[in-house]
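Next up, some structures in structure tokens.
Two complexes come next, and they have one chain in common, subunit A, joined by subunit B in the first and subunit C in the second.
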Partner chain A sequence: MLETIAVLAVFFILLMLGFIFYTKVIKSGVEEEKEENIQLSAIKIAQQAAALPELQCSQNNVIKDNCVDRLKLEVADNIMQSPENEIFYYDKFSFSKITVEEIYPNTKEWPLYDRPLDDYTHTLVTHIPISIFNPENDENAFGLMEVESYLK
Partner chain B sequence: MKKAQTEIIGLAIIVILVILGMTFVIKFLMDKPPVETKKEFTQAELASNMLDAFLETTARENNCKFTMSQLLQNCGQGGGITCNNKDSCEYARDAANEIFEEKTLGKVWNIPYEFKVFYSNDENDNLFQPIGKACAGNKKSKSYIIPTTKGPLTVKLDICS
Partner chain C sequence: MHSKKGVVEIQFNWIFAIIAGAIIIILFTTIILKQKESSETAANLMIIKNLDVIWSGSETTIGTVNIIKIPKTKIEFRCNGYSIWNSPKQLNTMNVFVPSVLDGDRIISTTLGWGIPYRATNLVYLTNPKIRYIFIAEDDNEFANKIYDMVPDEIRKNKYTSAALIKDENDDEVRIVFFDQEPAVTNNLKGIKKVTALKIVGDKDKGTVEFFGLVNDIFVSKETSYYIKEETLLGAIFTDDKEIYDCAMKSAFKKLNIVSQVYEGRVNELTAIKPNCIYGTSQIRSILDASEEFSKSNIDIIDIAAKNLEEQNKNLQKKSCPLIY
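Up next is the complex of A and B:
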């Protein structure tokens, strides 16, 4: 009788350990996948922001990479934050904040989009160095596009 | 010792071994490196975008509207351009220091990096004192070639991993 109880006890201990082990492995995999998806989504938003046709520089219809047109920048916030375009930009940028900042030769900031998540726990910030081209005098400034994704 | 007791001791040893094995596996699983997809992407893009934007940047002074690329080219050819009482080499280095060290990579983001400009045939033949520190381990690099009358110049930015 005692032997049977001992064997059963050992069996259940092994079963329990196996279950704990299995749960840990599954949980670790799910969390890793979730983190990767969050990061990929932040990258996607940053790439979409950097390639916005509303801001891109172009000369003779040729788009210049990594460049933002200053004249477009001056009016972009009106377009991007107007209520009629809210859904269009929400589909692109979800819950995030996008600003462009000139850091050389002068300093200036252009807030473009801001839709915070009410109960966010942390944010992922991506900085994209860009040229800010002024077509009026053909000069370039050094700037940063800051894309901040709100996360729960 | 009865036969049954011996069997139970054997079983206990097996259980202890299994527990040790599982502890080891769980520890191994928990110690996996964190997901760094965004960091890898950012580092890969950073060197390229930084250098690209820097070389196109126009100097601050009104009587000196040259791009950093033009100033470095002039510096590599022996100088001649003066902006704000500084020669082209000094002016370009100061601008690079302000952008990379003071306002972005160095003091603000604390990302180790090295920016240097040298004649392409000799990496040690620097036009001016490099900015930042040489990377000890892995790095993401981007370089551009600027043609000069004294031979091609390489402008290189290393972002240390």
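Up next is the complex of A and C:
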């Protein structure tokens, strides 16, 4: 009788150890997947921001990649941050901050979207090199689009 | 003869083994059930994540066709959202044209830019390799031929001059697109599980789309909607549900409205810095006002304004002025 109880006790102890080990493995997998999802979401936001027709340069409807129209930039910041368009952009960019910055020859910054997360723990920043085209004098400036994703 | 103590001990051993065995079986069953539940949830989440990636990835790359492998599942779409088993996902904006149900382990996605006349957004189309698209139009109908060619080759498609000529290919689902013809059911369609139809009346710029469902072997009109430019007509072909189509159209109109606001501001700036070039915001203003609501009358206004704006852009190019778009 005592032997049977001892065998069962050992069996349950081994089962418990196995279960604890399995839970730890699953937990670390979940953490890895969470991190991957966060990075994917940040890249997704950066991709979408770079491909906004509201900002992209075009000549006769032919889109120039990685190019932002300066005149569009001047008006887009107000439009993108207006309350009536808030939900539309929130669906695309969630909790993030998007800024376009001219680096050369002059320096200037255009904040386009900013919706911070109140209790965020860290941020993930993506920089996209872009040219800023000025239709007034047909010249290009060098700039960066900064996409900052707020994470919990 | 067994002693009384021995008999009690043997009986107790049996009871003990049964209880211990039952506990072990319950334990393992619980673990298996929990594991099954969590793997189902993980699979659903993976599909939702995949769909999000398809959506956002497709949105930024025009003209590509992707065949995405997903775990076999049934995804039900509705206006501004979808659900996989019991996992719903809400979307505030939906610029995706998709059948009401996608059942299977593969999704085909393709994207086209929608510009009237300036590009407002990219429209994403999702479908399933199981769905066969059949176009019914006269051979010399150039518009129908063009729309047929716009459907990627990766999607199962055929073209006939009459519904009676459709060959049975043992399909699960068929969507028949009639150009300037009343949808008619023929005997060769009666064995197919799901048949829907669309009647198109219009041209490359605009027109009406009438959605049909099969009730008692007869095509019954559900409702009529409208398209503007071939890209949204393609949306009506991919979407078998008028509610989903209208929802995607409303979302596209909202985006057109925002982009028009940007172009109006840009033209105002151009007017100030290039006084020798003749700009005007009246056409953009018309598009801006008309894009507030998706309706037939607004489509007519946008169509006229877009044509005028195209002309205005050409004139600016002749005079070497910065273009509007």
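Rule of thumb we're sticking to: the second predicted complex is superposed on the first by the 140 of 152 C-alpha atoms of A that agree within 3 Å, B and C clash if a C-alpha of one lies under 4 Å from a C-alpha of the other, contacts with A are read in each partner's own complex, and residues count from 1 in each chain.
Basically, a residue touches a chain if its C-beta (ideal position, glycine included) is under 8 Å from a C-beta of that chain, and two chains touch if they have at least 3 such contacts.
Note that the structure is a prediction, hence the values are computed from the model and not measured.
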item: Fit-or-clash call for subunit B and subunit C when the two complexes are aligned on subunit A; value: fit
item: Which superposed partner A:I63 touches (first subunit B, second subunit C, both, neither); value: second
item: Which of subunit B and subunit C A:D91 touches, first, second, both or neither; value: second
item: First, second, both or neither for A:K44, with subunit B first and subunit C second; value: second
item: Subunit B versus subunit C as contact partner of A:K72, first or second or both or neither; value: second
item: Which superposed partner A:E54 touches (first subunit B, second subunit C, both, neither); value: second
item: Touched partner set for A:P135, first subunit B, second subunit C, both or neither; value: second
item: Touching partner for A:P83 - first (subunit B), second (subunit C), both, neither; value: neither
item: Partner chain(s) touched by A:E3 [first = subunit B, second = subunit C, both, neither]; value: first
item: Closest Cα approach, subunit C to subunit B, once both complexes are overlaid on chain A (Å); value: 13
item: Shared subunit A surface residues [contacts with subunit B and with subunit C]; value: 40
item: Touching residues on subunit B, where the partner in the complex is subunit A; value: 4, 7-8, 11-12, 15, 18-19, 22, 25-26, 29-30, 32, 34-35, 37-38, 41-42, 45-46, 49-50, 52-54, 56-60, 65, 67, 95, 98-99, 103-104, 109
item: Residues of subunit C defined as touching subunit A within the complex; value: 9, 12-13, 16-17, 20, 27, 31, 49, 52-53, 56-57, 59-60, 91-93, 113, 115, 117-122, 254-255, 258-259, 261-262, 265-266, 268-270, 273-274, 313, 317, 322-323, 325
item: Residue ranges of subunit A in contact with subunit C within the complex; value: 1, 4, 8, 15, 19, 37, 40, 44, 47-48, 50-51, 53-54, 56, 58-61, 63, 69, 71-72, 74-76, 79-80, 85, 87-88, 90-92, 135-136, 138
item: Touching residues on subunit A, where the partner in the complex is subunit B; value: 2-3, 6-7, 10, 13-14, 17, 21, 24-25, 28, 32, 35-36, 39-40, 42-43, 65-67, 103-106, 124, 126-131, 137, 139-144
